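What follows is a group of structures, each given as structure tokens.
Note that subunit A is present in both complexes that follow, paired respectively with subunit B and with subunit C.
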Partner chain A sequence: MTTTPTESPEAATPPPGSGPVTKTAQAAKVPQGHRRLLTRRDRLTLGLMAGLPTILHVALVWVTALASIALAFTTWDGIGFDSIKWVGLENFKELFTNNPQFWPAVQHNIIWFVALILIPTPLGLFLAVQLDKQIRFSRVYQTAFFLPVVMSLAVIGFVWQLIYNPDTGLINSLIGANEPGHYIDWIGDPDLNLWAILIAASWRHAGYMMILYLAGLKGVDPSLREASALDGANEWQTFKNVIFPTLRPTNTVVLVVTIIEALRAFDLVFVFNKGAEGTELLSILVTNNIIGESSRIGYGSAIAVVLLVISLAVIIPYLIATFRKERQA
Partner chain B sequence: MSTIVDTTAATAAPKERTPVRPARILLHVFLAGAALAWLAPLLWALYAAMRPYGETSEKGYVSWPDKLSLDNFTNAFTQSDMTHYFVNTLIIAVPAVLLTLFLSSMVAFYVSRFDFRVNIFLLLVFTAGNLLPQQVIITPLYRLYLLIDIPGITMSGKLYDSALGLVLIHVAFQSGFCAFVLSNYMRSLPHELTEAALVDGASVWRLYWQIVLPLCRPAMAALATLLSIWIYNDFFWALVLISTGENMPITSALNNLSGQYFTDPNLVAAGALLTAIPTLIVYFALQRQFVSGLTLGANKG
Partner chain C sequence: MHLTPSGLSVPGPSRRTLLRGIGGAAALGAGVPLLSACGGSGGTAADSKTVTLGSNASDAVPKKAFAEIYAAFKKQSGITVDVNTKDHNTFQEQINTYLQGTPDDVFHWFAGYRMQFFAAKGLASPIDDVWDKIGGNFPEAMKKLSKGADGKFYFVPLYTYPWALFYRKSVFQEKGYEVPTTWDQLIALCKQMEKDKLVPIAFGDKDAWPAMGTFDQLNFRTNGYDFHVELMAGKASWTDAKVRKVFDLWAELLPYHQEGAVGRTWQDAAQTLASKKAGMYLLGTFVGQQFTNKDDLDDLDFFAFPEIDPAYGQDTVEAPTDGFMLSKAPKNKAGAAKLLEFLGTPEAEQIYLKADPNVVAASTKADTSSYSPLQKKAYEMISGAKSLTQFMDRDSRPDFTSTVMQPALQKFIRDPKGVDSLLSSIERQKKTIFAS
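Right, the complex of A and B next:
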């Protein structure tokens, strides 16, 4: 559960009238001056300052990501390096054609994303718009909606089990489905469990989206709203035609955050039913290869590579756009 | 989500520019109701946790309580040795937060104050790394942690199953986000500040430690709050990289507790709520920091 670093264009662009030209000219010039003033020792310090964190990050994140790719083309039981054998595309072939869990997992990851973008995201936006009206107790309401975001997804899983448990859960107790023979198995039934988990996931996601949109709304120029009111637009028209278009940078962030959350989804499912029938996810399949009995490293890596490819397809264009904007500013 | 329909009607009402009172009241009614509904799962957990198992198994969960008590909380706390797991989490989270801030602020300083060619590339590497799903790297990482022998430093003699191993991966992973946020923040500081000091012969380290870093205090506070909560809440890394129950941080220990006590949901509810308490305290105490940290990345703060 991580936020996405981004840059909204209006933040990156200096406010009008602050003399953007001189500022950028200066920023471009001064560092050069810095560089000339650096002693050898300074250069060494700088090298270490950037080098050490980079080595740690690259070694643990990128080298292992590359190792995942390499291992995906091998079989390895993990005992000794000499048991590593190159098998080409075998792992992928087996994954795509012969693994009954793979395609359901892909499908569930997609459903996860679609559900998050269709329900909690608009809900978060709606709540943000209401809370942005400078009403009293706004902070109290915000806190209530935001509380789940602060909690561990594992804890959220346990809390929602109290609601879904077939015997003792709130829902079945309320509707009288907690008698043997009448059970509705929210956690075990493959037709229900994914949706049950998605409600818990949405519960958390809406608060997160609300905070992102509230921050976005704070950046909206109040004069826009006034102008729109003067033109006689009602609240919905103002939102649709004036406010929402200015939230574009926030929408981009929200989209990327949601895709990444959908790809990362794991904790809730693991706590609920360990990704058993009905709730398979790519992340669960990878993890089961490590903590399950079977240690098929090459095969597990192949699933990780699928996850990596999908992630990079989102991350790379997004970062390119973000950094290009930043450079222009 | 029928609620959406309810309130668009309520909020779209005032066509006049001066807000009409009834609309405001309706909005409050809606928000208060929605907020209460939002808290319902937590309140339900609290209610369940405050009732003894015997009573609920006899009368059912949806029933009037004979007596509410904190017994389940004390039981969960003592029977599962929660103090021990809280300490484990502390041993992981405190160094991880401090090291992440320290290392990422150095990278941020480097890329934001000096105009080297690799800057953008370096920042891209860090930021992209932070966006990857953890499972992409876990298989080789797990093997790597089993391979690296560090006798004497950790109980297991390896990075695997050690607090050190968890600290390292948290730092490596989270520094991507922090480097990005801090570099944006540092770029907004006037260049004259450091330039003047450099002309006066101050070393680069001094610029970083005595001039730039103190100015970054607001951003660092926001990130520290965010990191504490994220690292505290981590479930996945500990699940895979820690094998001994003894070494587990609180969130994964809770997973064991629930396995052990699955017949007593009330006790599990108490354990889950106890686990959530530290994050709730941090959040209530440092709400502003947390929220600004979260949006620092999304909208430059």
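Right, the complex of A and C next:
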């Protein structure tokens, strides 16, 4: 440490009246006359520490995002740069008017969000409130409900496939719906499969929401409860008028997390049925068009741009609101 | 498992796949070949005693079978084959990046349009000189399959397998069923099976490619090989009355198919045939892999899809063919040519078939004496065919088949009523894809 010059200006000039400095202590001081706070090595280190991530970030996030946007106005099969052809808005026109999977995909992304907000989120809140009451085996319940959150969605997809498999799955075997005549095709029927997957997604999301709300509830001042008890409020009234309003910051986080979950929904469906009819999602359309031996990279990028625009439309108002609040504070 | 005997690129949820997707989305896909091009020159592979080979044979059985072929080649020629094996699906997904970078001298690929596609893009070298020597080993249909759109040879076929209707001999014997050879007989048989409480035709289309096989059979039986090829090449129209006729026939047959096909894998569908709950199953000979019990496998038999239009009879057989191609700038061209010549010999095919009995040799010269009865029949069916097709995703642009046809056919088999709007939607999408 002795060779490291200190950054604080106080230390740079010896305090008046300090005795003769020892040799090692002298080395720790910045060379007299030069008010340079950093040695060349430090600058290099700092430059690398800040520079490399910046370069990586710009190259992997900004350049690629902008390249995707540019490619959305071209057709390209991924073979050689000379096969990139400028087509203007053609991809978007094709997408909006001609692609039978596009509008269902948009719709399913929205349904995904609404369903997550309406079912697992209140359920997570309910579980959190119950667990917050210090009931017996609280830890066991917490673990049980949180367990799905720990698992990867791809694994959850595999697990739920065992339950939904129409021929050999748990549900159909139990209720005898794997016989010809009264057959329930949980995976293939477009009226059912999205909801089947949403149950699996909710199973995980509820645990996630529970933990978020539990953390929020721990932050509620106990004196508030006490006061409302003294005022003679019952449990529901306390929750509705006292506890829930104090959870406002948590609610904002929950809303943002749920929007993100709905937009990035992919792995569960991809494992479940690769986005067949009834479960199309934007993220899956992007993948299907870009991966493969002769890909439609321009077209896939156009879908990615749509997804980007939707994401920005959600994120920008949130960021504006957050920053405005910070400025006021 | 994303087992795709059709060779169709079905992206699995592997991390590599996802990264490739993200990379591709961001145009990084184009940067990769540039980077990898730097390290390629002056490697050890440049010497004349080594040929490098890119392989998608990542499964144990074919991997071992191919290794035996290369060992025999080394014994004969003194040239070592340096094999670079990649996971089967990954190989297909990365094929165009791979071929644009520094590919191996020789690589595994599939016959048909998807071979012609890379040949036309200049990513493969013509091998007419090889074919001057091996030409005599192959029937006319195989020669046709190995040519690019420019009329030059680009491909050496190794093995092939037919698609047909599979059934269990014991079931047919017990119930007194006869093998149907016409459409009416097929429908009558389905009706009878239904009465006998059998599912007439097993069906699983969760992986989205099996339905393409049914379409292929119906189309070339109804409209003949030439129309099928034109349709696959994007020349004929999907709104043509001929195509409509195919879907009408399909709608007639569909009620006899196993219910809930879109939610079932082909493996599960094969189990219903194995357990004698279903009477027939339209698939490739790889269906035998699902018959793990030897007695059941011996009981398995098949027949060609029945005649629909007498003008075409049963003259076309769907027989996907796998083999090898030469990359655009092989480092050891002479050695690679020797290897391809060797792969085109009956000996190489026999070595392969000994280890993997689920397929048959592409060459007519290969020794068939060790074939199982099923292989013999498959061999006869293929060698007797007037024309061979590959499979929808090998006969047409893969981007069209995977992004348009797969969802469209799934929609049709679930709801066959909306066929007119479906066909016009296919045609509109086809036009933009084939125009790009």
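One rule holds in what follows: the second predicted complex is superposed on the first by the 272 of 329 C-alpha atoms of A that agree within 3 Å, B and C clash if a C-alpha of one lies under 4 Å from a C-alpha of the other, contacts with A are read in each partner's own complex, and residues count from 1 in each chain.
Just so we're on the same page, a residue touches a chain if its C-beta (ideal position, glycine included) is under 8 Å from a C-beta of that chain, and two chains touch if they have at least 3 such contacts.
Just so we're clear, the structure is a prediction, and the values are computed from it rather than from any experiment.
S.K.: Looking at A:297, would you say it contacts subunit B, subunit C, both, or neither? Reply first, second, both or neither.
M.R.: After superposition on chain A, A:297 lies in contact with both partners, subunit B and subunit C.
S.K.: Just subunit B (first), just subunit C (second), both, or neither: which does A:249 touch?
M.R.: Touch status of A:249: first partner only.
S.K.: Applying the document's definition of touch, where does A:58 land relative to subunit B and subunit C: first, second, both, or neither?
M.R.: Only subunit B is touched by A:58; subunit C is not.
S.K.: Just checking: does A:222 make contact with subunit B only, subunit C only, both, or neither of them? Give me first, second, both or neither.
M.R.: In the superposed model, A:222 contacts neither subunit B nor subunit C.
S.K.: Please work out whether A:277 is in contact with subunit B alone, subunit C alone, both, or neither, and reply first, second, both or neither.
M.R.: second
S.K.: Check whether subunit B or subunit C contacts more residues of subunit A in the superposed model.
M.R.: B
S.K.: Based on the superposed arrangement, let me know which partner A:160 touches: subunit B (first), subunit C (second), both, or neither?
M.R.: A:160 contacts subunit B only, not subunit C.
S.K.: First (subunit B), second (subunit C), both or neither: which does A:288 touch?
M.R.: second
S.K.: In the superposed arrangement, which partner chain does A:101 touch: subunit B (first), subunit C (second), both, or neither?
M.R.: second
S.K.: Output check: A:88 vs subunit B and subunit C. Expected answer is one of first, second, both, neither. What do you get?
M.R.: neither
S.K.: For subunit A, what residues appear in both contact lists, the one with subunit B and the one with subunit C?
M.R.: In subunit A, positions 60, 63-65, 67-68, 71, 78, 154, 165, 168, 267, 270-271, 286-287, 289-291, 297, 300-301, 304 sit in both the subunit B and subunit C interfaces.
S.K.: Any idea which subunit A residues touch subunit B in the complex?
M.R.: For this pair, the touching residues of subunit A are 1-8, 11-12, 26-28, 30-35, 37-39, 41-42, 45-46, 49-50, 52-54, 56-65, 67-68, 71, 78, 119, 122-123, 126-127, 130-131, 133, 135-137, 140-141, 143-148, 150-155, 158-163, 165, 168-170, 173-174, 178, 203, 207-208, 211-212, 215-216, 219, 229, 234-236, 249-250, 253, 257, 260, 263-264, 266-267, 270-271, 282-283, 286-287, 289-291, 297, 300-301, 304-305, 307-308, 311-312, 315-316, 319, 323, 327.
S.K.: So in the complex, the part of subunit B that touches subunit A is made up of which residues?
M.R.: 1, 4, 7-8, 11-12, 14-15, 17, 24, 27-28, 30-32, 34-36, 38-39, 41-42, 44-45, 48, 56, 60-62, 103-104, 106-107, 109-111, 113-115, 120, 122-144, 146, 168-169, 171-177, 179-181, 184, 187, 191-192, 194-195, 198-199, 203-205, 208, 226, 229-230, 232-236, 239-240, 251-252, 254-255, 258, 265, 268-269, 271-272, 275-276, 279-280, 282-284, 287, 290-291, 294-295, 297-300
S.K.: Which subunit A residues qualify as touching subunit C in the complex?
M.R.: Subunit A residues touching subunit C: 60, 63-65, 67-68, 71, 75, 77-81, 85, 90, 94, 98-101, 154, 165-168, 180, 183-190, 193, 267, 270-271, 273-274, 276-277, 286-298, 300-301, 304.
S.K.: Would you mind writing out the residues of subunit C in touch with subunit A in their complex?
M.R.: 9-11, 13, 17-18, 20-22, 24-30, 92-93, 95-97, 100, 114, 117, 121, 123, 199, 205-206, 208, 258-264, 268, 272, 397-399, 402-403, 407-408, 410-411, 414, 425, 428-429, 432-433, 436
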